[in-house]
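Here is the structure we will look at, set down as structure tokens.
Order of writing sets the chain letters: A, B, C and D. Residues in each chain are counted from 1.
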Amino acid sequence: MTALVEVNDLSKAFGGVHAVEGVSFAVDAGQVYSVIGPNGAGKTTLFNLITGLYTPTGGDVKLNGESIAKLEPSQLAERGMCRTFQQMQICMNMSAIENVMLGRHLTLKSNLLTTLFRLPALTRGEKAAHAKSAELMEFVGCGEYINAEASAMPYGALKRLEIARALAAEPKIILLDEPAAGLNAVETTALEDLIRKIAEQGITVMLVEHDMKLVMNISDRLLVLNYGRVLAEGSPEQIRANPDVIAAYLGG
Amino acid sequence: MAAARADPIMFSEFLQYLFTGITIGAIYALIALGFTLIYNASHVINFAQGEFLMIGGMATVSLTAMGVPMLLAIVLAVALAGLMGIALQRLAIAPAKDANVVTLIIITIGASIFIRGLAQLVWGKKYHVMPNFSGDEPIEVFGAVLNSQSLWVLGVGAVLVAVLVYFFTRTMTGKAILATSMNKDAARLVGIRTQMVLMLAFMVSALLGSIAGIVVAPITFTSYDIGIILGLKGFVAAAIGGLGSGVGAVVGGLALGVVEAMAAGYLSSDYKDAVAFSMILLVLFFMPRGLFGAKVVERV
Amino acid sequence: MNGTLARYTKKFLAITAAGLLAMSAQAADPIRIGSFLSVTGPASFLGDPELKTLEMYVEKINEEGGVLGRQLELIHYDDAGNASKARNFASRLIRSDRVDIIVGGSTTGATMAAVPLIEQAQIPFISLAGATVITTPVKKWVFKTPQSDRMAAERILTDMESRGLTKIGLISGTGGFGSSGREQTLAVAKEMGNIEVVADETYGGSDTDMTAQLTNIRGADGVQTILNFGFGQGPAIVTRNYAQLSIDLPFYQSHGVASDGFLELAGDSAEGLRLPASPLLVPASLPDSDPQKPIVEAYKSEYEARWNAKVSTFGAYAYDGLMLAVEAIEKAGTTDKAAVRDALENIQGHVGVTGTYNMSADDHNGLTADSFRILEVQNGSWKLVN
Amino acid sequence: MIVKLSEFRLKGLVFLAIVVFALPLFISNPFHYSLATQIALIAGAVVGLNLLVGFAGQISLGHAGFFGLGAYFSAIMTSHYGWSAIPALIVGAFGVGIIAWVVGRPILRLKGHYLSMATLAVGFIIAIILNNEREMTGGPDGMPVPAFDVFGWELSPFGQYSLFGMDISGDLAWYLFAGVVLLVAVWLAQNLIDSPIGRALRSVHGSEVAASVVGVNTTKYKSLVFVISAVYASVMGALYAHFQGFITPAVAGFEFSILLITMVVLGGMGSTIGVIIGAVVLELLPQVLADFQEFEMVLFGLILMLTMIFMPKGLLPTVANFLAKRRSKSAGGDA
């Protein structure tokens, strides 16, 4: 069986500085796969490379065996890859549920004629998208904001809203960039449950996270980056026992 | 070699277009530098930039007409423009600091209409002449002629650029402006009063604009509405060079001036402005941030 | 909705009818003269003296007892040289202010934008703009006071011909005046046959340097003289660039710059250039027998005394426009629009500042090319050549 | 709990319809109709521009170029080639759409001020061409435009018509026509906004990255909205030309472009009714200020500046916000 995501010798340099260098790993379908490492280790850069925001300077990324290194983010979404961001990307000019409905974009057939004259086909699609989005908001735990404007929502709820939007696209794999950052203990526990529920639906989850407790609890496998290179890779137990990792975290 | 006989004439024509282009280009460059200064400090495109030019020229002309000696008139006019720059930042830009980019553009457009309206009330609608700084006798070079005032424009332009370079690399204030432009919050953390810096940027930009307005007035004449088109051309030059780049502003200005003159000379005077505008589209097509614009990596 | 409309229409008609009755009842109501002028904007050098002229002469006429025993009321708007604004203000003058006659339209664009409206509303209109198209073909309600650019072109080219200059380097502004003048010059040259335009360059209204265009003209094959058609500050820059390049070909400008303001801007560079103009610039050189002399002198001295500014040819267009309107109203004996229009069309031998007007059913301008005098700049001032 | 999907969707449109049809009860002068007609047509173009600027967040400083192209295409085809106005308008809109698409693809990659610059350049080039091609366009002095005709029936501001058995003046007829055109323009714009396409457009403004990672092809949508707003401008430009009866290249000029975007920003970006208010204010202001004569320019600049400083979000959103706050305050007091 081939891995869902396969990263091969991936590198990215910004004007001579290597943010990511020679990174290789594979993620199997259905896994919760976490990327950890100290600040500046290249975790977000790695995510940006995988999701098409950056073009790699070397190496390759494969999704389901297809090379995706040169594709646009929107093309990756078509292939079932979705993500959230460390610095949240919520459309503050839209209502909460519209943000989630945006996630339905690829599943909605939009045609200029039906749109302009608001023909029944469009209203039907919109009603369904609305219902599905409301359901997803309940699922991620921000059901109380269904009729709210995004700009009126608190930080924690926005983080969950962003996950709901990614889920709305019905992805095969979802990449979460520091979903627990800025959350309190209660919210973090809720997030942990949410990630489990997502994984239970068969969606592969990739995670960049600083909260070690969360990461160790839910990950199937971990990748440790340091200075843009792979320091270690393995199960949570293996990582916990890895002397290089301990040195990097404690000594660094 | 049949064309050899025509060569000297062709060369002197070319030289003539070049002189014309460089002179007008130097003016554009000075205006573009004003845009760049304010853009760097505040990310605002100041559509009232041309009005500083107008204030410089008109105030000098009206003061000399009142009998004030030329040099003193120039100093007063520049000071007036500087005050105007400060007032613009304090009264119009600072109170709207949370507004988005387009809103700020409209505010500066409102300000420019307001300033122009005031100038029209005070100075009237007529065009005015300012004498050349050093005689009307043109200088002849290889069959092409150069207005002596062009040399003033180029010379003053070069001095201003040198002063700006010194200001930004050698003085605390200049460095503070640069630091603020790179990262406002960090600048504030290290104790830079960013509002003060913004005010300074507007003032320096106004000084620059008014000096440009004074040195070009003998060539272009001056009137209450001279700032519109020159301001616009300055913006064009700044965009060609890359917003925020001092080198870009100078190169962009000169390039725009030379292209205009060459287009008028060799292509069609009807379409010379269209040629200049096509040039921008072409530049931006290949270099979306202008010739020397900073490459910004979007952080997500 | 429908009922409302009907009611509204009835109401509207009732008000209009009442208004008409009221108007005819009070004969002492002022005569309303409407005007839209380019008082600001790029053509303000036209609109500004025109407005000043209208204001001072309406005042003066009122002091002297008005017209038909009624006072004049001037209602004026600034179109800033913008054609849509001009149309709007024309509409406002006709429909809201209900003026009796319109004297205005500083530029051809502003005039032409208002013409369809004026023709429909059937109100006499005296334009102050120059282009031939305004009165050719004749439009029933539209008249104009300035000579057309075609006459200017004829006058200039004839003068050139008489000096043996047949190869012209033409440079013109891309604004309405320059562009229409260019077209007329090309057309007249073609008709005259022996005149050839060997270079044809243009410049934008706010260009600051025309050296490149002049260099091109200088290099044109066999060029003998240069003609600049344009107005605003552009021609002054052309003149200065011409002098800087030390071009020694005879230089002509159009009537668009026939003002002392131009001489101030162009300075010494203007020395020796010729242009067609009204005698307003040289009243002293007119022979005493010239019927225009007293009128020109009076206008000049009155204007300059009142505004403490140099008189300009463009203000004179407004003077002639106002005086033609007054004469027509007096002749018609009423402000009835059709009667005033007919009177306007029949004006003969009206001596104005610009020239002597002889209107007719197929000439709503009433001037000939002879009304232009050729002036030359000598020692920094205008001299009458012929 | 769930769904208020389309309940109040067309609130703005209904409000606008009431204003449009009630206005004849309050104005009593053909000049006012003429002004109102002109405002309605310009407002239609502004509604289109708002799709681009307010919803998709892409600045255009050259939109008058498309307005002018539509106006001149219709003027030229009807006066030089004997076309009827409707086909001229449609073919013109189609052509302008294609031009916008061709131009839009490359320049919409640009961001922020660079996009402003590029659109400004496009607008300028169009205006320069209209100014220079005298044979076709009449040059800077402009050209007359025949009356608007539908299947041989002419709509002229100077005519007399009968509608449902009632006599109405040409001015009123044009006003009603322009009002209906504006309502249709608003309706189509609202439909577009409240749709997957509209969401995609707004997301390009809200967060282009977010849009792209859920599969929105941002380049495609930016081009689409650019084309749509250009077509709006073209159609309104054509109608404007026929209404005015005479056009000059100023309809494609830089100043008019700035005026259009100022209407959007002043009224309230992203609010369809707001930008119409912006158009109304900025068209009426010069009429009001005309009485101040030489102070007109100072006052106009001052009013524009102050409004934008104190209402940076635009007139309508600021007022709506203020009312909402007061309402919630008084509601809080009741509770």
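Everything below uses one rule, namely that a residue touches a chain if its C-beta (ideal position, glycine included) is under 8 Å from a C-beta of that chain, and two chains touch if they have at least 3 such contacts.
Source: prediction; values computed, not measured.
Hopping across touching chains, the smallest step count from chain A to chain C is 2. Relative to chain B, the chain whose mean Cα position lies farthest away is A. Taking C-D and B-C together, the chain pair joined by more C-beta contacts is C-D. Centre-to-centre spacing of chain A and chain B amounts to 47 Å, using the average Cα coordinate of each chain. One finds 36 Å separating the Cα centroids of chain B and chain C.
Chain B and chain D have Cα centroids separated by 33 Å. Counting partner chains per residue, chain D has residues 132, 209, 294, 296-297 touching two or more of them.
Among the residues of chain A, those touching two or more other chains are numbered 53, 85, 89.
Within chain B, contacts with two or more other chains are made by residues 120, 270, 273, 298, 300. Across the interface of their complex, chain D is touched by residues 51, 53, 72-74, 76-78, 82-83, 85, 89-94, 98, 101-106, 108, 110, 112, 115-118, 122-123, 125-127, 129-131, 134, 146-147, 162, 165-166, 168-169 of chain A. The touching residues of chain D, counted against chain B in their complex, run 53, 59, 106-107, 109-114, 116-118, 120-122, 124-125, 128-129, 132, 209, 254, 258, 261-262, 265-266, 269, 294-306, 308-310, 312-313.
Partner chain D is touched in their complex by these residues of chain B: 39, 45, 92, 95-96, 98-103, 105-107, 109-118, 120-121, 232, 235-236, 239, 243, 270-271, 273-274, 277-278, 280-281, 284-285, 288-290, 293, 298, 300.
Against chain A, in their complex, chain D makes its touches with residues 1-6, 188, 191-192, 194-200, 202-203, 205-207, 209-218, 224, 270. Those residues of chain C that touch chain D in the shared complex are 1-2, 4-6, 8-9, 11-12, 15, 39-40, 77-78, 82-85, 87-89, 91-92, 94-96, 107-109, 112-117, 120-121, 131, 133, 174-176, 179-180, 183.
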